[in-house]
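There are structures below to look over.
There are two complexes below, and they share subunit A, which is joined by subunit B in the first and by subunit C in the second.
Right, the complex of A and B next:
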């Protein structure tokens, strides 16, 4: 990281957030909804990126953290009648705790074994959702009623089903996580993570506790992904087991690879790009998975650094 | 891997039988699963052992074998045995060709980097699955078994075809073992597996070995699928279970160990057959997956494998 210009960096990120804010008033209804979804899922991609991009740990099981947040929020609203803020916190806490347990176990492995172990834990999580269908709704899922998706603080009540409120809530979450991610990767901790990715043995020899740092990264990543899941459940009112399937572990990988691993804005760009590619192509083909597959192969073959990664390499060396 | 509906039917007839025959039937079913699983997992294990890459698309090669077997056997009229025999030859060859092309066009250019190849094979998984859905459709279609002889046991009749699947798979495993240990091709493969660079220095065409191994691995999965397709049915999503089970077998058996693979396949196949007859299949899968994940965490060399070099 050739980091010499914090002012430029912060200006760029604030600018992106301001642009997204402005888009709310310009975009047609359909695209406004799509953007809200993209921002919520970009948070998922950012959580994935923290682990994959910065620590270099390729997990194939992040769907379990996303769905821990999804179900943590969805089930507390559905069964316990919790309010929106409490349910959101419950979702994030679920994801963080799950990430702590998974991290303690999975970090004993590395490389290919780490991928397979995370995939298997995610598969167990997915099957558990199906097994406890009486509470989770199984593969049918649960719909969260509109009435329970209203935040009322004092005299003000915010209806999350209203398009503008939904857009702004997604943007708020996105903005907060983006700034957290930016601060995190510019911090000392962030640089230790990159050092672990580049050479774990050497980092250890320099006196850093690499296991503890990796564990913190897993928990942070899990919590961010859970925040995305919880927001998704509350904003779009549906929880279902397909969000826990292997496909939702692959998608954040695809988004991050496309946008650029280890870049702060890559996850948003990747999610946005992929969503619009599938949205446009779904007009004349239903072969959505074919596009995902071809995109994955083309990416690893020709653009392993992704969009933002290539831009950083060619033109803007200061890009975080 | 017998279909779920069939397991249900077995369950009904089991309730009227005594425990001994009951267990025998479960064991026979488990043995059929084991036989097919051993072949599929062997393919995965060969590819991992020699090339050091995880082929996530392995289950799709299995599925492709089954779907092509259906296509070949319906294209050929006459006695079902002729169609089946043709499928047993043509389907694996076509799958091998697809795998060869995938290796040549994609994996080789990635220089067999473990992480990039995983991403690329995930891509292949989606492509093959989607193409199967587009051209074959979402229906499950049966293939007629080449013969329908039933072996009469004192308690129940058992499909002779199922037993011949076990026999065929055993023969194929022995052939693979002989090729690996007694022929020059096997020696070259083992040398490449042991030390790629030294092998190359001794004039072994490592790239050609890799292409061959990748194709053979896929063909083993395809053969397994052709054998099983008269028992279960061809479906575009049928590759997922074999993929997960093969992973489990390869991990438990220890990577690159043929004997471990076979032992683990029998173990997993039998326990899968027996557990899912007495308990919910979902619960059985949860337990099996969790156990294997724990094995990987605490004993990464597998139960039968030796510590990696």
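Right, the complex of A and C next:
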């Protein structure tokens, strides 16, 4: 990242948030719903990007953090009757605690071993969800009733099943996490994470406790992914084991690679691109995954640093 | 030079797996001196530096800085104790700019603008390249940046592993000048070097290492007068 004035950087990000806000009023119903989903999942990608893009740790197990949030929120609403805010916090706490435990164990490894260890833990988590089907709903999952998805604040009720409320809630989460991510990568901590990615041994030789910094990054990444999962459960009313499967560990990797690893806006762009390519091509042919695959190959060939990464490399060196 | 023994190594044994590479190594670096470790490839020079930094564990012996034991410290705690290391091959943060590389060094020990200015005064060339991506610097400039980043820690002891390797003569001269300046500023340096001319021009004392053992330590004046030790341990000179 080249030096850029904070005002310019923050202006860009606030501009993106403002654009997403304005889109709520012009998008047709179908696309409004799709954008709400994309923003919620872009938060998942941002959490993944923190670890993969900035620290250089490639995890194949982030579905467990997303689903820890998903189930942490969903089960507390479904079984304990908790309100939406409490359930959301429960989901985030579940993801952060799980990330702390997984981080303590998995950070004893690096490289390919880290990928495999995280993938195995995620598989264990997935199988546990299926095993405790009486609580989790197993492969059928659980539906969170509409009545449970209402937030009451000072006499005002916000129904998360209402498309506009759902869109704005997803946007609020996305905006908060985007600004946190931006502040994080511009902070001392963020610079140390990049240094670790560039050369861990050298960073250690400058006196940084690289293991402690990586552990903090794993926990922050896990908590952000869990926030995405918790929001997804509460906004869309479904908690299912498929979100804990390997597919949901690979998807954020794809979104981040497409959008641009180690860029703050890349996760949104990647998620948006992937969703719309899939959505548009599936309207033409049942072999849409083939077209998605070709699009991915072309992008990797001609923009190996992802969309935002390539823009930064070629034109806007100051992009964070 | 007064033997103030800033950094002392006594009876140091180190292993790579089951292979022993250092055998009871003894070494003393005095305050404000440049001590050169000299020997053939594989003699144990770089391993000695890595052992000081805690990158290779000491199986036996002690390493003390100003009386404080360094063995057993985590590798990231050794720089905090006052030792900075510039490894062979520079190892910069290639994607970061020159300024960001320096900033990472400054942040490590909470140093500020004054330290930054002092370091850039030592390497004025870097001042002109602050916004340049460090991976695009020339070899000599990269070496300067690696040294600058290490000096941001304001170390008592600087460890330099073959800083002139692969550099053109004008850059080698600049690196030598900088090492000499650092001595004037009171920074003690352990220098691993393969070039006899470089050793003779900047070192105060030379420690000959052979097969993981220190064979002889001589003043550079004595070595200039009688270079037979260089022939004996390295086969050149």
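In this text, the second predicted complex is superposed on the first by the 303 of 320 C-alpha atoms of A that agree within 3 Å, B and C clash if a C-alpha of one lies under 4 Å from a C-alpha of the other, contacts with A are read in each partner's own complex, and residues count from 1 in each chain.
Here is the rule we use: a residue touches a chain if its C-beta (ideal position, glycine included) is under 8 Å from a C-beta of that chain, and two chains touch if they have at least 3 such contacts.
Bear in mind that the values here come from a model prediction, so they are computed numbers and not experimental data.
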item	value
Contacts of A:202 with subunit B and subunit C, given as first, second, both or neither	second
Per-residue touch tally on subunit A - higher for subunit B or for subunit C	B
Touching partner for A:210 - first (subunit B), second (subunit C), both, neither	second
Partner chain in contact with A:253 - subunit B first, subunit C second, else both or neither	first
First (subunit B), second (subunit C), both or neither touched by A:37	neither
First (subunit B), second (subunit C), both or neither touched by A:113	first
Subunit B versus subunit C as contact partner of A:290, first or second or both or neither	first
Overlapping contact positions on subunit A, where the subunit C interface meets the subunit B interface	none
In the complex with subunit B, residue positions of subunit A that touch it	58, 60, 105-106, 108-109, 111-113, 115-117, 120-121, 123-124, 127-128, 130-131, 250, 253, 257, 287-290, 292-297, 299-301, 304
Contact set on subunit B toward subunit A in their complex	54, 106, 109-110, 114-116, 118-120, 122-127, 129-131, 133-134, 244, 247, 251, 280, 282-283, 285-286, 289-290, 292-294, 296-298, 300
Subunit A-touching residues of subunit C, taken from the complex the two chains share	53, 55, 74-80, 84-85, 87, 91-97, 99-100, 103-105, 107-109, 131, 149-150, 153
Of all residues in subunit A, those that touch subunit C in their complex	1-3, 188, 191-192, 194-195, 198-199, 201-210
